[in-house]
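Two complexes are shown next, each including chain A; its partner changes from chain B in the first to chain C in the second.
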Partner chain A sequence: METLIGVFEQQLGLEGVWALSAAYSVCIGSLLGFITVYAMFAIWMERKVAAHMQVRMGPMETGAWHGWAQSIADAVKLLFKEDIIPSQSNKVMFWIAPAVVFCGVFAGFIVIPFALGLQIADLNLGIFFLISIASIEVIGVIMAGWASNSKYSLFGAIREAAQVVSYEIPTATALLVPILVVGSFRLDDFNLWQEANGWLIFHSPWMMLAGLVFFISSLAGCKRAPFDLPEAESELVSGFHTEYSGMRFSFFFLEEYASMFVASAVMATLWFGGWTIPFVDMSTWTDPDSFGLSDVAVTSIGIVVLLAKTFFFIFVQMWLRWTLPRLRVDQVMTLGYKYLVPWGFVALVMTAIFKYYGWGWFPN
Partner chain B sequence: MGAVRDYFGNIASALTTTAKGMSVTLHHFRNEPPITVQYPFERMNIPDRYRGLHILEQDKCIDCHLCAKACPVDCIEIEAIHHGRTLEWKKFTIDYKKCIFCEFCIPPCPVDCIHMTTEYELATDNVDDMTEDLLSWTGLRPEDQFAIEASEAKKAGKAAPTKAATAAPEGGGDDDDKAAKIAAIKARMAKKS
Partner chain C sequence: MLDFMFIFFASLALLGGLLMAFHPNIVHSAFALVAALFGVAGLYWTLGADFLGATQVLLYVGGITVLLLFAVMLSTRDAARISIARYALMAPIVGLLGAFLVTTGKALVPIVRAAGGALGPTEPTTEKIGNLFMDPTAFMLPFEILAVLLLVVLVGAITLARRGEEDAA
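Showing the complex of A and B:
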């Protein structure tokens, strides 16, 4: 972001607020483009993964090769559909709820380091920002559920509120564990630390436990199966977005897949080394002595590595979705409060002890 | 102690059953090819004795109506005019709106001329298309005409006409001379013995 502002000020001669707004537009535009393309790909991937796990084929016709254009066709269809607003709904809230939901996740993207220095905002409280901004999504969902004036929507929204508020505790606790070891809230620090020392997941068994707790609670945060109670097709029609259609509905869809990406990217960054490759020091690659690669090439490699790790976790999320049945409401609460919260704290305390005595598989 | 054992037992069973389930789905994902087919382009194998749409071997059929009589829903309608043994076909229709694909029409056939195929596509946007005509020709073919004229000529004691002479079909043929008929039968019997 700062680099971009500098470029606009020096190269194009823009000043102050103009350079700032130009840089903002470029960042937001590229991020929106990325999320849209990613979401289309992820939806196609989800359908193919689901199909092959059920020994089916999935979309095969749209586009020549394995139905690759199915998501594009669906998006075009959703864009041209009529925007139906229930007459008894609270119109203002109904209008802005999809935007609020999407904004919460969209803001999460700006702190993710895609490669060394390639993040929109290099916040030194990046993880804290991520946890806080992700909660905005819940407000949007509750708005959607309430404004729809439908019992199914309201039930979905209430479930979402209960579930997300409960699972923010284990999420935050589990996120504190790597923070404790690395000693920073800044996301790029985790990448640099892991480039020097090795993946954090192999730091100690308690780090693995924290990773597991984070992954499970991030599933609940993303409303992914087996925690998809807010949608719960078999009980609540479609949950909080029952009354939505067309473009507004597609925003909820986009938000779900975007939040999957954020959760997986955080998982990859904090526990699995982010854009770094194990046992490889990428910072030497720009030297003429080793590979002599340009900065752009190294950055692209970093992006590819992070995307590979992220897509692995997205695949695991899809894999779980087609393996596990949906939990009951009381089971969700039991899992959250009786299992994940205590074990998150155990992982936190034990890691603190390990760090104090310098134990662990690679001492820092 | 029971509650503690339950607690850790729950954790253990949750982890093991999840791992087990994930291994099953992964096995499906990686090792099992899809069992579905791209329907309009390919089809599943259908057993040979599947009861699908009917097919009629019209040159074998003797217009005995046994299939129509066997039909429990009366969906078969047959009309033909007999010229001796030669048949002038009017219609042989099966109304698939009524047909229950019970296969009762197949066994009674004395000449084994009606069969069921493995074809099952009936969908149409026109109700009239649901009634299917099994005939491959209607009326008289040139060879039928020839056969009729040959038998008539035989009855009349003339030589069989050439095919060229029978280009113009003649209507009717019911005006058989009874005496000539009896003579023909007698001649045949005599020939046999």
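Showing the complex of A and C:
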């Protein structure tokens, strides 16, 4: 961000506020573009994964090669659909809700480090900012459920509220474990620590436990199967977004896939080294003595490494969705409070002991 | 830029608070409270208290108001409507406040600066807060007492919630 402002000030001769606005516009625009393209790809990927798990082919016709253009066709269809607002709904809330939901996830993207120096806001608060801003999303879901004036929507929203509030506890507890070892909230500090020491997941068995707890509770946070009770289509039509159609519906869809990306990117960054390769200092690759790569090439390699890890976790999320049946409401609460929260605390306390005595599979 | 942010978040907090107090529909009031609390979080941020701002969003916007909404939503839409129309009272207040903010909002900024507000991201505060909490000469005792108090509250809530169960059994 600062670099971008500098570029606008020096290269293009823009002043103060104008350079700032231009930098903001470029950041927001590129992020929106990235989320849209990624969501289209992820939806196509989800349909393909689902199909192959059920021994089908999935979309094959649109765009000739394995139906790659199916999502683009769907997006165009959604754009041109009639915009329906139920007459008995609360118009203002109905209108604001998709924007609130999307804002919560969108704000999370600004702290994710995509490569060396490629991060919109290098906040010192990094991961803490991310989990706090992501909690806004649930407000939008409740808004949507209430404003729709439909029983199914309201039930979906209430389930979502209960589920997200419950699973915020194990998520935060599990996130504290790598924070404890690295000693920072800043996301790039995790990357640099793991570049020097190796992936945090191999730090100790307790770190693995914390990773597992985080992954399971992030599934619940993203409303993904087996925790997709807020939109359980066998009981609630499609939950809190039953009354939504067209463009507004696509915002909820975009939000679901965007939050999958954020959760997977956090998993990849905190436990699996983010954009770094263990024991390889990528910043030296620009030297003529080693590889003599350009800055752009090194940045691209970083992006590819992060995206590969992130897409692996997105694939696992899809895999679980098409493998596991949906849990009952009481089972979701039991898993959250009786298993994940104690496991999270055990991992936290044991990691604190390991860190104090310097135990673990590699030196602290 | 920061002056603008300060005025924006201050207006958000004030207008959200007013809307919460005067809106006839209780659900709308709850959502207005979300806006007000978010505005306060933004104010913390612009004044350099980044950790406090994020905590405000996490606990108040994402936690407490969700529970509040949870309870409010279970009331029906008719019962949620308070019968006295207080829009009439609200309109002049909002008008006056808006006029005040537009005219003097810029003038407020130096006052805040003079009062010791940093107005801008200074150095990160997380580490300092942590050190103060764990410093026996500073805030360690109140911090630990608060922790015990919260534990007592939790145990008490569970006891109250489970009492009916034992009677029924």
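Throughout what follows, the second predicted complex is superposed on the first by the 363 of 364 C-alpha atoms of A that agree within 3 Å, B and C clash if a C-alpha of one lies under 4 Å from a C-alpha of the other, contacts with A are read in each partner's own complex, and residues count from 1 in each chain.
Keep this in mind: a residue touches a chain if its C-beta (ideal position, glycine included) is under 8 Å from a C-beta of that chain, and two chains touch if they have at least 3 such contacts.
Here the structure is a predicted model, which is why all the values come from computation and not from measurement.
K.L.:
Could you check whether chain B and chain C clash or fit when both are placed on chain A?
P.N.:
With chain A as the common anchor, chain B and chain C both fit in the superposed model.
K.L.:
For A:138 in the superposed arrangement: first (chain B), second (chain C), both or neither?
P.N.:
In the superposition, A:138 contacts chain C only.
K.L.:
Looking at A:49 after the superposition, I want to know if it touches chain B, chain C, both of them or none. Which is it: first, second, both, neither?
P.N.:
In the superposition, A:49 touches chain B alone.
K.L.:
Could you say whether A:99 touches chain B, chain C, both of them, or neither, answering first, second, both or neither?
P.N.:
In the superposition, A:99 touches no partner, neither chain B nor chain C.
K.L.:
In the superposed arrangement, which partner chain does A:164 touch: chain B (first), chain C (second), both, or neither?
P.N.:
A:164 contacts chain C only, not chain B.
K.L.:
Please tell me which partner, chain B or chain C, touches more residues of chain A.
P.N.:
More residues of chain A are touched by C.
K.L.:
Between chain B (first) and chain C (second), which does A:73 come into contact with in this model arrangement: first, second, both, or neither?
P.N.:
A:73: touches no partner chain.
K.L.:
Can A:128 be said to touch chain B (first), chain C (second), both, or neither?
P.N.:
Once the two structures are laid over each other on A, A:128 reaches chain C alone.
K.L.:
To make sure I follow: the centres are taken over C-alpha atoms, the vertex is chain A, the ends are chain B and chain C. What is that angle to the nearest 10 degrees?
P.N.:
Apex at chain A; the opening toward chain B and chain C is 130 degrees.
K.L.:
On the overlay, how many Å separate the closest CA atoms of chain B and chain C?
P.N.:
Chain B and chain C, overlaid via chain A, are at closest 19 Å apart by C-alpha.
K.L.:
Please write out, lowest number first, the residues of chain A touched by both chain B and chain C across the two complexes.
P.N.:
Correct list for chain A: none, the interfaces share no residue.
K.L.:
Across the complex, what residues on chain C touch chain A?
P.N.:
1, 27-28, 31, 34, 38, 50-51, 54-55, 57-58, 61-63, 65-67, 69-70, 73-74, 77, 124, 126
K.L.:
State the interface residues of chain A toward chain B in the complex, per the touch definition above.
P.N.:
49, 51-57, 60-61, 319-320, 322-324, 338-339
K.L.:
Within the complex, which stretch of chain B touches chain A?
P.N.:
Against chain A, chain B makes touches at 7, 10-11, 18, 21-22, 24-26, 28-29, 32-36, 38.
K.L.:
Spell out the part of chain A that touches chain C in their complex, as residue ranges.
P.N.:
Listed in rising order, the residues are 17, 20, 93, 123-125, 128-129, 131-136, 138-139, 142-143, 145-146, 149, 154, 157-158, 161-162, 164-165, 168, 185.
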